[in-house]
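You will see chain A twice below: alongside chain B first, and alongside chain C after that.
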Partner chain A sequence: MTKTNFTRRGVMKTGAATGAGLAVPTLFTGAAWSDGHTGFTNAPGEGSVTLGFNVPQTGPYADEGADELRAFELAVEHLNGEGDGGMLSTFSSKTLDGTGILGRRVEYVTGDTQTKPDAARAAAKSMIEKDGAVMISGGSSSGVAVAVQALCQEAGIIFMAGLTHSNDTTGKDKKANGFRHFFNSYMSGAALAPILAAQYGADRKAYHLTADYNWGYTTEEAIRTSTEALGWETVAAVKTPLTQTDFSSYIAPVLSSGADVLVLNHYGGNMVNSLTNAVQFGLRAQQANGKQFEIVVPLYSELMARGAGANIGGILGSQNWDWKLENQLGARYSGTNAFVQSFGTKFGFPPSQAAHTCYVQTLLYADAVARAGSFNPCAVVEALEGFEFDGMGNGPTLYRADDHQCFKDVLVVRGKENPENEFDLVEIVEVTPVEQVTYAPDHPQFAGGALGTCNPGA
Partner chain B sequence: MDAIILQTLNGLDKGSAYALIALGLTLIFGTLGVVNFAHGALFMIGAFCAVTLQKILTLSHTVIDETRTDFLGNPMKVDVPYIYEWFGESTGNAIIDWSVPLAIILAIPVMIVLGVVMERGLIKHFYKRPHADQILVTFGLAIVLQEIVKYFYGANPIPAPAPDALDGVFDFGAMLGFDANTITYPLWRLVYFLFSAVIICAVFAFLQFTTFGMVVRAGMADRETVGLLGINIDKRFTIMFGIAAAVAGLAGVMYAPINSPNYHMGMDFLVISFVVVVVGGMGSLPGAVLAGFVLGILEAFASMTVVTDFFPGINNIVIYLVAVLILLTRPRGLLGRKGVMED
Partner chain C sequence: MLGLNAKDFRLLLLVTILVVFAPVFLNPFPVDSAMAQFNAGYPDLMQRFVIFGIFAIGFNILFGLTGYLSFGHAAFLGTGSYAAVWMLKLLTINVLPAILVSTIVAGLFALLIGFVSLRRSGIYFSILTLAFAQMAFALAASVLTSLTGGETGLQTALSDPRILDGAAAVAGNIPAPSLFGYEMRATTTMRFGDWAFTLNLGYYLAGAFMLAAFYLSIRITRSPFGMMLRAIKSNQQRLNYTGLNTKPYMLACFVISGMYAGLAGGLMAAMDPLAGAERMFWTASGEVVVMTILGGVGTLIGPVLGAGLIKYMENIVSKINEATLHSWFAFLPDGMEDAVVALIYPFIGKGWNLTLGIVFMLVVIFLPGGLVQGGQKIAGLFRRKKSAEASTKAQTPAE
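Up next is the complex of A and B:
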């Protein structure tokens, strides 16, 4: 005989809970939207639209996250017609006029990624389901970007990635609802290799220390492929645990390996520590194979440069954008000064590349909605695919339809030997033209996965 | 051969930090019976003593330089450290350059006071509670301390370089008869090793050769009897907590140039330090020191490519693997007292 626990009260509770659960999707579909589109997630009402900014507010990348949030705040101000308008005046598309997005005032909610994919997904999910966010943006890690991008694809939300550099974000893990403005590992390799060959010679032996996770692998592969194509030899590539703090045991064997260049495929705290340790071990003062020993860091940010202190001096790397770009290289990079002026006036210091990409992504989303005349994710995807624009600080830029990756010039930078202040830690060595960093959509480093089709949700 | 010498040096260097933190942990466990998960945070606060002194020494007032412009095109605001005005630029720079060693003077009283306040204000209320409660409350305290530091200093690492005079490398190769520059090792890391050795010896000498130390050792062996003799052992144990905090803090101060301090650096050392304590033998001070150096050396050798090629991933687990093996074969640890953890 089976014992059952049904009671009248229990059935009513269960029924109420089930009803509430079934009603959740109507939060996404039940609203009235004036633009005539129905059947997509979190369609905004008449008065306002909510964007979700998912950044690391705690954890080791909290400072980078704080800078991203400042940029988002500024973008929202400009979209709502407040402040000096920033890049709205330089952006080649002229649909945004400071009246919000499609006449709706822009509001925003924030989430904390903690730079952990699970936490980032939970924060994004909360912003989508509880706050009705129609777009998610931000982040400082490829692991987070890939995880949140997949969530947004399932939920029918547009994801405008923040700082994510792994090839996989727009490679094997690309999604139709996701768009990346930031550059990637391949582009770093393509931009850096010719400069490395020009500055250090084509006959070099490289030793790679690589963070043992997805971004490390793609960056090592990109730098190896690009430098080997120009004549460099890779003598060793050693994986280092992501949790490693003291890299002395990994750096000690470098000199006796026959290498004359150390490539640190590390980011964040890993990079600050490994570079500091490498300089402590005197690598930069050594001669190897009759040449000056050199250290290369394929990707570093202003904050990381600050953390590394004087050790970053003379180190070559690549960046997506720099606040000095327009002043030093002219009007091709228009928009840079407008953004720096807005950001600097409001916050008292120049913006980071993470702030720039987040600001631009917000404006690009708003513009795509305005051009499409709809918040429907599929309409937004259509508006962004193949979109060519200018005046956003990077020169002429394309959002390629095949993989939703932005193609634009890439900066090769060098740490300043004697910086004047804590915001002037890198100097621009060269800007690599977009043609040189463009690759075919089916390039082997981006193999696997499929963009799929847009998901409007609901 | 050169690789073996270098990895041995690396191991001794890593082991120095492990040994100093584990020594403090063992002092606290041996005297008060408390499992202190906030000990890593004390190491971190020590490192931030160096950062704080650096900031104090570079306190500045702003002057406007009309000849230059800032990033917004306004006249440049230039920070001029007060220390330049008091001592002149070259002397001021020399003092700033030595801020990390000078921070030892700041760290000792700060850490002792912090340790005593922690013990009297919070930890004493958990003496009679289960170890699980002690772990939870001290772990919570560690998170609170971390967040306080993050609030004031941010999440980004802050460089605290070694003095220029100690920033180069020492040529072991030339000293040992190899070719010059074949075995070089950072000077500051050698300083760190020597500093650790001095601190460890000082702690042992303090416990061994002073009346205070004798009473503490007696209290560790039989707290009740010492109390019955009319000695206020609780007061002495509180002071030992302060000393243990100071040891962790000094380890942190001198570690600051090795890796730029950040708010979560203590957590990076905490788990390994507990493994060191367990491997050395719970409550055994010589065991903590020995295990610190042994595990440091093992970790250094395990990260050599010749080893990882044979055992991929061994560098991630070697310390825990050794801990498991030792605990299976000798549950009381390397130098633990007979009977402890062997029930």
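Up next is the complex of A and C:
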């Protein structure tokens, strides 16, 4: 079976091949991406710069992904001086003038995260390695955000997180090259708890259903901690798989548990299904412990409200932004109307908060590059750290240097009982001022991570 | 040469040439041309080609030789990935121990699952492996979250101990997986006029493993052990009745196949230090079945071709969007342009699965032997005389 016959020629051949093989690694130590590039990964050429928009186009968060993509399209248009300019006119920083970024025309490539960390990284890698993207943005899940953020840190690319609400993104998994504009679980808890206590009383017993991944955990923890501090009691917390579509078996034990509030730490399709199940079980018509039974959804979105239909009526939750903000609460939230106006003109309906955060992130990145005068990730990081801005729809906002998290007002909203149209489904109950949702960078819910240092890559 | 007959050696040589020059073959279009969209020669995709090639070769050793259809092979890939990432976290950022351990761990896991599953054959075997894989997925996704990171996946972190080289963490950044200091992502671009070819160290390491795996699979196929496996495929009962205990052969084969999957998983983690539970999901197991059938079951090179085609479609066809289509057909009159785009649109972008499904159906119906049979038919057109011999050969029943 085995044939071993050494010949002089064979030995020489093998020796030569081995030598060549050993010499190969030295090939790669030369200046990588040498010509036309200066000191950092994917430095753009003279004419154009490529951004990568990585959004879920399939899977449970596909609706959010589609809306994010619309927002990116709009942002690129405005950066290139097409359309009506949107928030460029209200943004407090005036470096962007509609001539692209640093005089380079903005082009973009898209990818599908499929809401899976693996697929999202593959899509992001192809944007970085094949298309030469210098910044990656988008995403609609914290699992994906954490994975792609780590990849961007390794590759030396800036990551501008899209919709990601888990504490981990700017907590234990924070990275120097990653930035988050969206709010987080802690902020939801801090904003919601006082209002829950005021509306439903301070002696409630809560039952949590929690999506079984990092966002679910941190949201459950945040809501628990904030509500327990005000006197609530947590009866039970049950984890549900992300792929679950029928929650009947999880809802059934709720009533007999002695709880009088159900907290649904679910998002997207999960939330639509679990809420629908809960309402169909008649939970909201029940009395428990002598009180009306209530349901709370910590993270709200217009797209989910649309999916859940009439079931959403009267249910409290929190939001990062709402398209009615400026109309109802005045000029503090300027930028909102400008964005809604140009989004509505182009697509025929108002934008979701996912679209808003992605649009703002793209503009913030472009502005940071313009202020820094360079696409070098380290220069961009420096420009964004501690950056205070206004006119982006959320009021005065700070990009904190310690963890790359934006601090701004948080909305508490309630589903409308009798919505007039399919886009006006939530009413704003209160806006929690930024001071009330600010926390120390080393808060226990965010402990255990380190930003590290910015990585310019090659 | 190398213990192979001339024909097999030529095949190995061909595969070697393909692997070494893949960065050139896969980037046939100039960088700035409209066709650059179809270039596949970037490191991540090339790595995927060879890694899934290894996975499919291993699967083919089981399915192609013995006919046992394992529907849970992704479990070994996932186990390998987790083992490798843990090695990168705990021991050293050097990828060699990680790859070695991932192969061994997957082999042990395969021994366990194979011992139970191989008590049955046919559809029952498939269902058992599927059940075990789904159990592994459920464990990884939620029960063993502390070990696997759950849905978020397992990643390297700044605070990892890395016993052997923990101090080497440079300036606040997580070190990238490397081979004795040469980073896997180290890349150099060679430019020839408008063409650019990307040479990546990680790809060549994975490629070297793929060639070794391919060579080993040829040796296994041509060995008496391989002959025994094919005997099991043709009639296991008859073998049993002749007094031969087939179980050790089956188990050995299953473990080897699992180790191939573990090697692939370890390489995936070495190229990109992340392991996620969805690598073990049943769709991932199904994918390798499709790869093997698409390329040609039981052939040596088929699974590699199948893996390449699927990964190409997943990464290239899925990225063509509506705007790209419009730019291609811009030369047509307006109404016609929209009509053509509307006609093609469902098959590209997120519809790539649909295209793959159609290709798969066509292959199964018209080329039951997979892409390899297609290649033989084309070759036959050019060598009429030889093809007559080949076809008579092909007609002799394999079973």
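Heads up, the rule we're going with is that the second predicted complex is superposed on the first by the 421 of 458 C-alpha atoms of A that agree within 3 Å, B and C clash if a C-alpha of one lies under 4 Å from a C-alpha of the other, contacts with A are read in each partner's own complex, and residues count from 1 in each chain.
Heads up, the rule we're going with is that a contact is a pair of C-beta atoms (placed from the backbone, for glycine too) under 8 Å apart; a residue touches a chain by one contact, two chains touch by 3 or more.
This one's a predicted model, so the numbers in the text were calculated from it and none came from an experiment.
Name the contact category of A:P253: first (chain B only), second (chain C only), both, or neither.
First partner only, chain B.
Looking at the overlay, does A:D118 come into contact with chain B only (first), chain C only (second), both, or neither?
After superposing on A, A:D118 lies in contact with chain C but is clear of chain B.
Given the touch rule stated above, what does A:V109 touch, chain B (first), chain C (second), both, or neither?
second
Report for A:K94: first if it touches chain B alone, second if chain C alone, otherwise both or neither.
Neither partner.
Looking at the overlay, what does A:A155 touch: chain B (first), chain C (second), both, or neither?
second
If you stack the two complexes on chain A, which partner ends up touching A:V238: first (chain B), second (chain C), both, or neither?
First partner only, chain B.
Is A:V272 contacted by the first partner chain B, the second partner chain C, both or neither?
first
Taking the superposition as given, does A:A310 touch the first partner, chain B, the second, chain C, both, or neither?
In the superposition, A:A310 touches chain B alone.
For A:S126, select first, second, both or neither according to whether it touches chain B, chain C, the two together, or no partner.
It touches chain C, and chain B stays clear.
Between chain B and chain C, which residues of chain A are contacted by each of them?
In chain A, residues 58, 241 are touched by chain B and also by chain C.
Can you tell me which positions in chain A touch chain C when the two form their complex?
So the residues of chain A in touch with chain C come to 1-3, 21, 24-25, 27-30, 32-35, 57-58, 109-112, 116-119, 121-122, 125-126, 129-130, 142-143, 146-147, 150-151, 153-155, 168, 173, 176, 212-214, 239, 241-242, 448-453, 455.
Which residues of chain A touch chain B in their complex?
My answer: residues 58-63, 236, 238, 241, 243, 245-246, 248-250, 252-253, 256, 269, 272-273, 276-277, 280-282, 285-286, 303, 306-311, 323-324, 340-341, 344-345, 349-350, 423-424.
Going by the contact rule set out above, which residues of chain C touch chain A in the complex?
Within the complex, chain C contacts chain A at residues 3, 39, 42-45, 48, 141-142, 150-153, 155, 157-159, 171-174, 176, 179, 182, 185-189, 191, 198-201, 204, 208, 223-224, 272, 274, 276, 278-279, 315, 318-319, 321, 349-350.
Touching chain A in the complex: which residues of chain B?
2-3, 6-7, 9-11, 13-14, 71-72, 150, 154-159, 161, 167-169, 181-182, 184-186, 188-189, 257-260, 262, 264-265, 268, 299-301, 303-305, 308, 315-316
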